[in-house]
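One structure is given below, encoded as structure tokens.
All chains are identified by letter, namely A, B, C, D and E, in their written order; residue positions are counted from 1 within each chain.
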Amino acid sequence: MSDIGLGHFLIVSTMLFFIGIYGFMTRRNMITMLMSVELILNACNINFIAFNKFLFPNQLDGVFFTLFVIAIAAAEAAVAIAIIINLYRNRKSIDAEDADMMRL
Amino acid sequence: MSDSLALLLVPALPLAAFLLIFLVGRVYFPKFSGILGTVIMLATTVISMATAYKYFFVTGKVDGVYQHLIAFKFTWLPFSENVSIDMGAIMDPISMVMICVVTFISLMVHIYSLGYMKGEDRFAIYYSYLGLFTFSMLGLVLSTNIFQIYIFWELVGVSSFLLIGYYFDKPSAVAASKKAFIVTRFADAGFLIGILVLSYYTGTLDFETMIARLTVPGSELTAITTAGFLGVSALTWGLMLVFMGGAGKSAMFPLHIWLPDAMEGPTPVSALIHAATMVVAGVYLVARLFPIFAISCPVGLDVVAYIGVFSSMFAAIIACTQTDIKRVLAYSTMSQIGYMMFALGVAGYGGENGLGFTASFFHLFTHAMFKALLFLGAGAVIHYVHSNDMRDMGGLRKHMPVTHIAFLIACLAIAGVPGFAGFFSKEEILTAAHNSNPIIYWCAIATAALTAFYMFRLYFNIFWNKEYHAHHSDSHHGDDHHHGEAPWSMKAPLIILALLSIATGYIPFGNFVSSDGQALHSEFHLTSAILPVSLAIGAIIVAMLFYRKKNAVPDKIAGTIKGVYTGALHKFYIDELYLFVTKKLIFGIGGTIAAWFDKNVVDGVVNFSATVGENFSDTLKKMQNGKVQSYAMYFFTGVLGFVLLFVFLWDKF
Amino acid sequence: MSASTIIFYILAAITLGGAILAVTSPKIFRSAIYLLFSLIGIAGLYFWLNFEFIAAVQVVVYVGGIVVLIIFSIFLTQGSGSDMKDPVKIRSLFAGLAALCGYCLTYYVIQRTEFHPQLEQGPAEISVARIGEQMLSTTEHGYLLPFEVVSMLLLSAMIGCIVIAIKTRSIK
Amino acid sequence: MSLSILIIIPLLTALAVIFCRNAEQVKWTSLFGSVAQLAVSGVMFFQYNALRKAGEVAQFVFEEKHTWFSFMNINYHIGVDGIAIAMILLTAFVVVAGVLVSWNVSHLTKEFYLLLVLLSTGAYGFFISLDLFTMFFFLELAVIPKFLLIGIWGSGNKEYSAMKLALMLMGGSALVLMGLLIVYFGSAASCGAPTYNLIEIASHRLDFSTQMFAFPFLFAGFGVFTAMFPFHTWAPDGHSSAPTAASMFLAGISMKLGGYGCLRVAVYLLPDAAHEYSWIVVLLSAIAIFYGSFATMMQKDLKYINAYSSVSHCGFVLLGIGMLTKTAITGAVMQMVSHGLMTALFFAAIGMIYERTHTRQVEKLGGLLKVIPFLSTIFVIAGLCSLGLPGLSGFVAEMTVFQGAWQRPETFYRLATILGCLSIVVTAVYILRASGKVIMGPIVDEHHTHLSDARWNEKLASVILLLAILAIGTAPFWLTDLLNPGSELIMNQLTAR
Amino acid sequence: MDMNFFILMKPELLLTGLIFIIMFAKIANLAENNGRFLILVNTLLVLNFVAGFFMNQEGTLFSGMYITSDSMAFEKNILNGGMMLISLMAYDWMMRCKNTPEYYMLLLSAQLGMFFLISSGNFLMFYLAMELATIPLAALSNFDLDRPKSSEAAFKSIMSSAFASAIMLFGLSLMYGTTGTLDFAEMQMLVTGSSLQVLAFIFVFAGIAFKLSLVPFHLWTADVYEGSPVPVTATLAVISKATFIFVFMSTMFTVFANFFMVWDKVVMISIIATITIGNFMAVRQTNLKRVLAFSSIAQMGYLLLGVASTSVQGASSVLYFMLIYVFSSVAIFAVVGLIFYQTGKEDVADLRGFYKNNKLLSWVMAVALFSLAGIPPTAGFFGKYFLLTSGAAKGDYIVLTVAILNMIVSLYYYLRIVKAMFIDKSENDFERISVSPIVTVSIVVCIAGVLLTGMSGEVYEQIKSLFLASN
């Protein structure tokens, strides 16, 4: 693993991050939006892990952070999906474009 | 009675009459108000006469010179340490003459009005206004302070406004009163600026001090003569502006336009205000500042002279063509005041040079008598005929003999026929003019002839000419006195004034009033009187030929000088010119522009900013389209913007 | 190029490829599966870095939990095979541009930055025991408090989900 | 005597009004409160004179100081000099008259009086403040009551006017706020620590750049309140839409807040800047005077006429202040007092006429003197006061301003003064036009032949104001005596460069 | 673990206790009767609020992860008080709510998150607490279960905040990468201002700015406010805002203290944008809640002015204004809630003629609105004045000018509401709104707060002494 350094990981995570952002902004389906958020969170996780591994290996701050982020991602996803389902029940649509009752 | 108390009472009594009648009398004893006012006025007259007598014959003269005494004086409005408006009463020959004239004429008018105004709805109000006017006029003539004179000047203006507008439901009366007030107000603005100029350089508003500082060489005089604007010295500016105020009140050309219209007021009012008292305020003002004019600013005096003589002639010409008898009298008033003005203008300070000054006041005095008489007589006529127009009259001599005689006396007096008061005063003026300025002299002579002509035109038209038939259906008029001549309350003043119109001419006026306080013994030169007298008599004869019997000669003559005639008939279109300049140019365009600017620019900016704000708000509102992804987009763009700005561009700032 | 390098590239490719497909695939179910691949790829990367525990958690929670949740909700809300509506054109254009710009900016900055690694070496491998100990310790670098906070969060999330999702349609 | 009474009485009145049961009680309570306030103001006036006669030399008397926010050096600090007393008296008179005039407000009476009383509280507080923060507090306090008064009880395009007024006044106070902050922090250099204390700031004189920076904000800000050109546009709309009493308050008191602020804060605290900027002030006020009077000429609504003429008249206030001579400053204050009383009377008369005829359009009115002589007389007197008739307060004030203004020998200032003098002619024109049409002339509308003249409350209100006007107009020396020490101190501040 | 632990963490422990009491009450079916349950909860909240004033100490726990200070304790008291007031004012709504215990549990967990957020000394705690403060609130937004708008609001809320916090997390990871620590105190030393750190900072800033609804991160606010149940909106607008502004301030002052040159500018730009756009967006809104949403955005801009001044005075002004803001906003939302749940009206125009039958409520609303607008004698005047003063103390006059001029704009839309209530006439009379005693209590407290907080200088002095002591 000599020639794979921090930089490589950061490329991966950054790309993942922006792919997530792109997805969040373009996917009209609420669930896919949620999936994009998960991608972003994972990008952050990779960052934490990679930094921890390559730069600050004496402590496990990054690792723990990742663990907690995963937990939070789960909670967030759960609540979001509950809300989406509720919305779906009310509206029969999970298209984000349709959720614009409130504007102006 | 001490002088100070007396001179306090002189203006205070009419004021009290005003307040009493206006606040109480109007409601509780409207009928009695007239008597009340007259009694108070009588008291005032007596007091002022007594005071004047005391001044002229007992206390006033020290070493052969009439002194300027200050009866009382207190600070009314302090501006700074030295400059303050004082209220006080001055005693000197001219003020004493003036209080006598004012109170006396006022008394006459009060008495006359008892008959003339009887039965009017607002009888009490009328008397209260008379009281107010008399108060203001007395305050004016007694002023010790140039600002005090301004204050009463304004008050006189407003009481004149009230009296002219007495018949307030008549639109023409309202218009006339407005006109009078506004025109004189315009002149007063000049007066005010003049006061500011003078007071700035002299550091005082007090007449005595101001005159002293501006006649004796000193730092103030140097400062005011060297400082200038547009090449004219500050002194001249100041005096001319003050004179502008005087010209406004005294109806000098070109500020005369209000006077003829002011005849919309009740006729006694015209007699009081527009003949005998208020209109001579300008003369009085110039006389008051005469030492400054004469000693330090002869140029100013020249201006006064030329304006006076021009106005005099100008008015006389117009008077020849008017048919409204009150207007004829109004123009004659203007003409006579022009006489007084130029008499002042040709005078110098002290000794023989001061003849014009004396003459001017002499004429003022006599003119007050016969002009009041003329107006009151005209009032009696109008009262009888119910018309102002001389074409509705004729042959009234049989119907109203007393009035006829009184009127004739007045006409003779004003025409300068020897033996009558006007002759003496006019002769003195002409002498003074002759001594100093031939142009003015010849103009004055011509005016004298014109005066005689138009007065007798008036006289003949009223009392001779065609026969008068009381053809009005008067049955519905409740007036029981209509078919007879005026009641005694009206006749008595006529008789008194007629006598005085003869008698006053014999007063040795130079003994009392002169430019420097020393007695001036003017000699009467028969030779110089020949020309004017013969001209006057000639003019009277012409008038008699024209108007004694109804004939076509006047019209023919008018036809031959058509241009001049129509011009004069339309008062040389001065009114129209004014109307155009003020209504159309200044107020029309100026007001329209101001209103437009206010509505569209000033208000427009405010409303525009509101509109811009709302539009901006609408635009922003569209940002909010309710779609969460576009919110994310804005969010992310915001982040990127910040990144771009702070990571990449910041260092380069 | 060593084997580990190649493996890294493969894992990175799976991760990124899965992610791209997940955000572009028109079919939602496929999208979810691509996400799954991507997440597994990330787990692989953790393995590659010798963080087995994290990798395991990643697999368990994400793959076993979240993705399953997502797939269930997909089933609940719509048919899996149908195509999703196309994204709004103009917005996807802007989003693409923004993401690209963002990436360029960020990467440029990251790439220019010199990181300063701490010199002392840490534990070569991270034992579950150590993680467990540190998780419940209150001393320096102990994570008891965050742990409790997260538990609170999970509790409330659970309550929220229950109230929102389990809903009787009776009242109307 | 404790000055705080001046604030406490209105507050107590307001409180009492809240607990009143019916409209009658409300009216009498407010009347009682306002009369009490007038009495207190009168007592204060005499006490002040007595103090001065006894040789009191302190600039401000009856001082009171309580810490409010100690960290920021904010105190509740009050005290008065002659100028403030004059303004307080003015306020007291106008308030009593306003309360009386509104006697037959039937819609939401309680609220109406409550707001009136609150408005007056703001005015009193403003005039007695010696702490800039307290001053600003009271200044803004008065904004909202105005909005509601116009909005609820107004007429015509009231929503627009109310909003415009509130926003523009808020804009004014925003500028004032900027200025105050600049002064506050600027005072740190001269006074040691930032302070809002008026006396302290004045005695330590701010440095020149601070003054130059703060002056435009403060002057323009207060200028908005006093309807300075070009910030006057709220005034016509606001005045004309407001109910009678509110118009009286607005023009009579509220506009004076601005003038007083200009004088007390802008000029007094920033004397050097005042010198530098005086030409701008004079220019703007000359424009306001002349332009206001010309704009008045084109108005057809009586309230608009008075509103625009107020713009013109308040121009005299600013002209006096801008001239920076003692006489002019005294004149400016006199003009404030005079205009306050006069315009209140005018608005009262207009309001009472409107109440009877239901129109304010000049061409729809005529010959009122015949049917309602009392009101017509009041109207005419107010008009005459407005055009500066001697014997009424307007004359005295304007003349003092002119006299003071003429003391500046520069041609520019002279021209401004001349313009001011000429404007009195224009004033005469529009006043006479209006009263000539409305009061005199034939009756235009036959409905107007049976109008009832003033009731007791209206008569009382008019007479109260009239007495004040006459008191100034016929015996101005007491007012100048009251004002002179104050303006002299401001002058000292201005001349000690 | 000693007594110190209990004392220092008292607010959080009390809250946790409350949550569990409610949970047990629910489990034990004690919550069937809404009325009795609400009285219990409200009593507990009052007690909790009162307890907040006793035995406050400064200190750190968990090796720096948990910090508490006097100002933090005070801030928590404000939040407790705000929660209590909101709970009281929402009484009517609660009575009809079917999930009252859950509501309170979620609400209190969110509050717990806020408390931890305030006290966090470590970015991990910071992140977790922030999520804890967000996710339950998002769920709560959905609590008007039958209203589609409510779900939509919840959806927007959770999605936007997930997105924002994910971005923030990325920033945090980069911060971690550049410093190697998550601890505030340690990180403060290591912040150097490199480009990557600036970038990371901006990402983190965006996350917090999102919570504060700073422009351009504000767009979710109005929608969520509009859709959520009114008490939740109130919580979002008041409690959440109050928390985040405080947190923002403390992080800026501690972690990013060395970053001052950058964040100062960032904040300045945000202030200008937030105040201007927030106000102008409010101008043309028709929905009352949306107007209030935008107004709250603009208010945040003013608060930032205090933060940006980085002075004790600025900090205390922020806290002071926050307190006032709580009073004013709760009063407004109380009225809005009453109107909304009794008549279904939520537009500004619908308020026409409101005054006729609802005199006191109108005055309450008006006074509270004036407080927001900064009109004396309401406390808002003082609050705003002090914020502006602290801004001026820094000498940034351009920002100050923008802020002051915007007060005019804000007055416009506040007055629009007042106008609708007092001035505009409507064809139909507005119903008389009935107000239950408990709600009245809340409103009275709020109005008293609005009127008295400013007039007596004591409150401000007290707050200032908190900061003086800790500095």
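The rule we apply is simple: a residue touches a chain if its C-beta (ideal position, glycine included) is under 8 Å from a C-beta of that chain, and two chains touch if they have at least 3 such contacts.
Everything quoted here is computed from the prediction, not taken from an experiment.
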- Which number of steps is the smallest that gets you from chain B over to chain D via touching chains? 1
- Chain pair, D-E or B-C, that carries the greater number of C-beta contacts: D-E
- Item | By mean Cα position, the chain sitting nearest the middle | D
- Task: Just grab the chain with the largest centre-to-centre distance to chain C, centres being mean Cα coordinates.
- Result: B
- Item | Whole-Å gap between the CA centroids of chain A and chain C | 5
- Task: Between chain B and chain E, tell me the centre distance in angstrom, where each centre is the average of that chain's C-alpha atoms.
- Result: 77
- Between the Cα centroids of chain A and chain B the separation in whole angstrom comes to 96
- Message: Counting only Cα atoms for the centres, state how far chain C is from chain E in Å.
- Response: 31
- Task: Scan chain A for residues touching two or more other chains and write them down.
- Result: 17, 20-21, 24-26, 28, 33-34, 50-51, 55-56, 61, 64, 68, 72, 75-76, 79, 82-84, 86, 96-97, 99, 101-104
- Item | Shared interface positions of chain C, touching two or more other chains | 88, 91, 94-95, 98, 102, 105-106, 109-110, 115, 118, 141, 143, 146, 150, 153, 157, 160-161, 164, 167
- Item | Contacts with two or more other chains, residues of chain E listed in rising order | 124, 128, 131, 135, 138-139, 142, 145, 154-156, 159, 163, 167, 174, 177, 180, 195, 199, 222-223, 285, 412
- Query: Mind giving me all the chain pairs that touch?
  - Reply: A-B, A-C, A-E, B-C, B-D, B-E, C-E, D-E
- Query: Any idea which chain C residues touch chain B in the complex?
  - Reply: 88, 91, 94-95, 98, 101-102, 105-106, 109
- Task: Spell out the part of chain E that touches chain C in their complex, as residue ranges.
- Result: 1, 16, 19, 61-63, 65-66, 98-99, 102, 105-106, 109-110, 112-113, 116, 124-125, 128-129, 131-132, 135-136, 138-140, 142-143, 145-146, 154, 174, 177-178, 180, 194-196, 199
- Message: Which residues of chain E touch chain A once you look at their complex with the stated criterion?
- Response: 124, 127-128, 131, 135, 138-139, 142, 145, 148-149, 151-156, 158-159, 162-163, 166-167, 169-170, 172-174, 176-177, 180-182, 222-223, 226-227, 285-286
- Partner chain E, residues of chain A touching it in the complex: 13, 17, 20-21, 24, 30, 33-34, 37, 40-41, 43-44, 47-48, 50-51, 55-56, 61-62, 64-65, 68-69, 72, 75-76, 79-80, 82-84, 86-87, 90-91, 96, 99, 101-104
- Contact residues on chain A for chain C in the complex? 1-4, 6-12, 14-23, 25-29, 31-32, 34-36, 38-39, 42, 45-46, 49-51, 53-61, 63-64, 66-68, 70-79, 81-86, 88-89, 94-95, 97
